[in-house]
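Next up: some structures, all given as structure tokens.
Heads up, the next two complexes both have chain A, just with different partners, chain B and then chain C.
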Partner chain A sequence: MNLKRFNWEPYLLLLPSALYLVFFLAWPMFQAFGLAFQADDGHLTLDYMQRMFSDVMFSAALINTVKLIIAIVPLQFILALIMALLMMERLRGSDILVYIYSIPLAISDLAAGIIWFSIFTQRGYLNSLLYGLGVLDKPFLFLNYQSNWPFAAIVLAEVWRATSIVFVILVAGLQSIPRDYAEAAEVFGANWFTRVWRVTLPLLRPSIQTALILRTILAVQMFAVVVAIAGRGMTVLANEAYRWYSEYRSPHLAATYAMFILVISLGTAFVYLRALRVKEEMVL
Partner chain B sequence: MKKYASLLMLGAILAGLLAACAPQTVTVTVEVPVKETVEVPVERTVEVPVEVTPTPVDYGKVTFISTQCVPVEEAEKMRGVILADFPGQVEFVPADYATFEDTVLAEVKAGKGTIDVIGALHGQFPTLLAADALQDVSPLLDEVKDRGIPEAYMELGKLGTDTQYFIPWMQATYIVAANKQALDYLPAGADPESLTWEQYRDWAKNIYEATGEKKVGFPVNGLLHRFLEGYIYPSYTGGMVTTFKSPEAVEMWKFVKDLWQYVHPESMSYEFMQEPLMSEEVWVAWDHTARLINAFKERPDDFLALPSPSGPKGLGFMPVIVGLAMPVTAPNPEGGKALIEYMTRPETQITTLREVGFFPAIQVDFPGYVAPGIRAQGEAVTKQAAASNAIPAMLPVGLGPRSGEINKIYRDAFTRIVINDEDIETVLEEEAANLQTLLNETGAPCWPPDPPSEGPCQVK
Partner chain C sequence: MKRKTSYSRLVVRGLVYLVAVLIALWILIPIYLITIAAFSPKDVIYSWPKSLFPQTISLETLKFFVSAQYVLPSLRNSVVVALLTLVISLVIGAPAGYALARYIFRGKDIFRIMILSTRAFPIVILSIPLAVTFMKWGLYDNLISVAILHVAMALPTTILVTSSVFVGVSKELEEAATVFGCSRVQAFTRVALPLALPGLAASAIFTFVLSWNEVFAATILTLQNRTLPARLFIQLAASPLPFRFAGGFFILIPAITFMFFIRRYLFSLWGITLK
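Let's turn to the complex of A and B:
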């Protein structure tokens, strides 16, 4: 190839973001690999891996993380889909819905956790309301670690906080589908449900894929909401990684947990990519 | 309001004019009483100090990193009140332990630093010493020798060497705070000033049976590990590490499980007990003095400060010593030394007590103007330390960079036995193995209350 004719411009434009990714994502990731598999004297070791798997908190953290993902992701997906379809019906005032749905997006996860904590705690808003209405004669302990309420509160907080991410992706996807398809289906007598099921959803597949991958990965990393609502009553993987780093002061173990989270994230992304594979001819 | 604003402005202009004419430093104070008619009229004084010439001595910028006084309210008190009179600009950097250690060690490794003074728990210094990060602060000994710092505390500042590495700054410990309403439910014959842990449990039980609410709380999301290491273990077994899986420890865990039936379930989220105490979610709580202080400060008439209860072996308690040191890379060593001298002055120590609830490390009489609640807290601390059956338990030293891991072992034992209801002997056997591995790998000899050992401390 003639070097003079080679067009460097796009590469130059890509360079800043590529450098950013290398320095702030790829490099720390390699360092984390090093911390997880290298002892202080530099030799390779599986000790940290072993310690993580034998850590008494590990199985509880893994189980809770998986349980939360199973509870949260489908619920969010269905809700977001309903919201997005509602949006696309272009009812009067539906533009305002976008803004309302997006409010929680602007709130950090820790703040969201604290908001929901202040709702469910013994002297919280919910108890005050129920007491004020005469439903309860004394406060109910929603956040009792022996009950399932903290789990439910975390699910609720996460659904409230992060459904709009899924919603935004789905709306973008829906908007890129030409209305002709739905109209054609209507002409052939398909009702609303059949149109959604047979036409919209299959065409929405790429967006669904993106939304699910993104949402599941974020759920694997869930941390602040759990800490704010359940305190020490419940632990998740990211929580253990944090505690190993900041409280128990072992960057090695923390990095091992982080690696494990990375592996799960990659695994789920792979599963979604396979399960929701988009055939070439389906892409519009 | 507008009227006052213009008055203030006029005052400021006047002050400026005066300052321009005057040859020396002139401070003009304009007092503007602002009446607010919400509930109670509040009088506010607005001071407008105007400085023309710099104060005679100025130590310049001094950067002070600290693992204590990290909560926002405490950090603001440090900046706005405690450090305000220091002749220089102090940059107070509160940092959690991880950030603190990484920052100091990174600066030392780089051979060039920004930090002049370090404030940390005495148990946090050995890691820094191991990395040769600490300066010899012996030159300061002369200046602080009349402050009456207890010899034992100065000795701690040598970190087991012959060199003085930190100057004791302040101290704290853990006590019990009780709402006066709870006193009605004390078990018969119990003296709240010298409770046993059994009586403490009965107290919790009585409250539960009478009110239907569990109103005794523990900071499980806070410093619960100190309760296990420094209070309940020494009280029941006489030791912290060597007695980890002893028969006495088994009995102790049975007791903790029993007590836990009457403990507020939201304890899992409590970080600072002053908050649930003030909202009256709990009536009785055990915590660090600095994490109870607001309850005593804001409602001194409602709360009692009590020494921690005792067990069959005595009153296990953990004195917390906070020290001031300087890293070898301090860019402003003169300023750093001056700041350490300033922080250990009697008046600064009293301000520190009043504002953030840490007790003086030096000899001071409690002056009349210390709030009654804080005075009560101070008395409980003194009683606890002076109890005839006191067993002082020190923070783990000698574990070096792995001193955080020991907390996990005690916490895991707690979670498994008390929360997950696992078999006590099995858990103790397994966690004791983890503890022994940690001690062997770090080579840490026993520390009080365990008897001194040759070589690494051994779990019996």
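Let's turn to the complex of A and C:
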């Protein structure tokens, strides 16, 4: 290939994707801005934002979403780290384990919600098990909206469903770390915990960053799991966006909620990027 | 390690296996439970306490679900949307993936970073403005509109995955083909494409599952022409338990099956990190 002549080929190949993403990803985002901050007659307004903030459900939705993220993401990270470190132990049958550990990647949030509903519902499997063990003599109403049980069920369902993505990202990261580092640390007498804490985790930082950003952004828009388990008993931000669009027929307020979700997503991504800053010399 | 006796090392090893198996059970048991629920007859589903090891297997509940109104049409809709999504994102995304894998050009890194950062773009933000636009275009409640949105969701991953697939196909083979008289296009279709096919198929299956599972956008963008998850979702609160359990099982099974076929590509599909 002649290096001096400008080569159009790669740009032509990229063009369809770039156009598609501009039309159906970037442009809708600007439109969401328009819907959130522009009245139907075209003038700019903060009405929709004020209505969202003063909405009865808003603070509940925000608090629930934040509480769920705080409960879910650290649990997922710890569990995924344990799973990933297990894979590094070269266990027998680890092929099967990798497949089982990654099955939840393919499970939709709705299916996960229904599955955990079948466990926690009044005549469900958890009550049956507790009866069988002699703990209960009649079914306990777990999904009672006054209690914290629906929250716990949602946390379990999300940890069950979405830990796999963190696991896969961490394993991919671990595989790219040369074993020499940990072996060197072992020669100098570092025990297993020291090696993980001082050697593996710092080197794993780029993967940890990616996994946490991805997981938190997906958790901010949590939707079907919550509805399938708690029904109307509990609401989250994405659920409010859905309700304002489908039930109250207000695209403006729905878009305002959507913008709010975007702001939170960007905010958390920024926090992670700052907190887990990857220094130049850290990149292998 | 060296100071430890072989006995205590054995105990540690045993504990490691125990933890690994316990985590596997934690993942498998809920899948087992929804499966026995879906294969239980109605009266068993409403009974309490339930046996964790059912004696009778029945298709009654699954038949009830499939024969319910709207279920079969929405199943068809789901397949149509997922296939459209798969084809469009591969046709648009694979060339971009190829470009990222084969060429060095100005702006490549910026494009890559932009693709990586849109991979986690919240679908909630796209759905609402696009629903308003599709309404204007007369595409509302049309399966095409759901597919368009699913492509927007899947395209960044398709580009990244196909790029890593083409990186895995040796560039020298293509160059050798051109030496032996193939044109640039022929070298691609006769040499690179056949070698890349398994990876591209894995990427396509991944896209299919992504679309098959998606609830929010499908629910927002359709009214009559629901996809299966959208149909299940809007009817959920008003549905009897057998309908819910069979529905949950029904959307779960294709996803798990496809997962089995692409298990070799797991890490190239999901393990991509910002570096």
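Descriptive notes on the structure:
Everything below uses one rule, namely that the second predicted complex is superposed on the first by the 277 of 284 C-alpha atoms of A that agree within 3 Å, B and C clash if a C-alpha of one lies under 4 Å from a C-alpha of the other, contacts with A are read in each partner's own complex, and residues count from 1 in each chain.
Rule of thumb we're sticking to: a residue touches a chain if its C-beta (ideal position, glycine included) is under 8 Å from a C-beta of that chain, and two chains touch if they have at least 3 such contacts.
This is a predicted model, so every value here is computed, not measured.
When both complexes are superposed on chain A, chain B and chain C clash. Once the two complexes are laid over each other on the shared chain, residue contacts for A:Ala182 go to neither chain B nor chain C. Contacts of A:Val56 after superposition on the shared chain: chain B is touched, whereas chain C is not. In the superposed model, A:Ala80 makes contact with neither chain B nor chain C.
After overlaying the two complexes on the shared chain, residue contacts for A:Leu13 are found with chain C alone; chain B is out of touch. When the two structures are aligned on the shared chain, A:Phe117 is found in touch with chain B and with chain C. Using the contact criterion defined above for the overlaid structures, shared-chain residue A:Gln146 touches chain B, although it does not reach chain C. Of the two partner chains, chain B is the only one touched by A:Ala230; chain C is not.
In the superposition on chain A, A:Tyr245 makes contact with both chain B and chain C.
Judged by the touch definition given at the top, the superposed model places A:Ile103 against chain C, while chain B stays out of reach. Counted by residues of chain A touched, the larger count belongs to C, out of chain B and chain C. The clash between chain C and chain B in the overlaid arrangement falls on one stretch of those listed (9-17, 63-71 or 153-161), that is 63-71.
When the two complexes are superposed on chain A, the residues of chain A that touch both chain B and chain C are 117, 121-123, 231-232, 245-246. Only residues 56-57, 117, 121-123, 138, 141, 143-146, 229-233, 243, 245-250 of chain A touch chain B when the two sit together in their complex. Looking at the complex, you find that chain A touches chain C at residues 7, 9-11, 13-14, 16-18, 20-21, 24-25, 28-29, 31-32, 34-35, 79, 82-83, 86, 89, 91, 97-111, 113-119, 121-125, 127-129, 131-132, 139, 160, 165, 168-169, 171-173, 175, 186, 206-207, 209-211, 213-214, 217-218, 220-221, 223-224, 227-228, 231-232, 238, 241-242, 245-246, 251, 254-255, 257-259, 261-262, 265, 283.
Residues 96-98, 101, 212-213, 220-221, 224, 265-266, 268-271, 279, 281, 401-405, 407-408, 412, 415-416, 419 of chain B touch chain A in their complex. Interface of chain C with chain A (complex): residues 1, 16-17, 19-20, 23-24, 26-28, 30-31, 33-34, 37, 45-52, 91-93, 95-96, 98-100, 102-103, 105, 108, 111, 118-133, 148-149, 151-152, 155-156, 159, 209, 212-216, 219-220, 229, 232-233, 236-237, 241, 244-245, 247-248, 251-252, 255-256, 258-260, 263, 266-267, 270-275.
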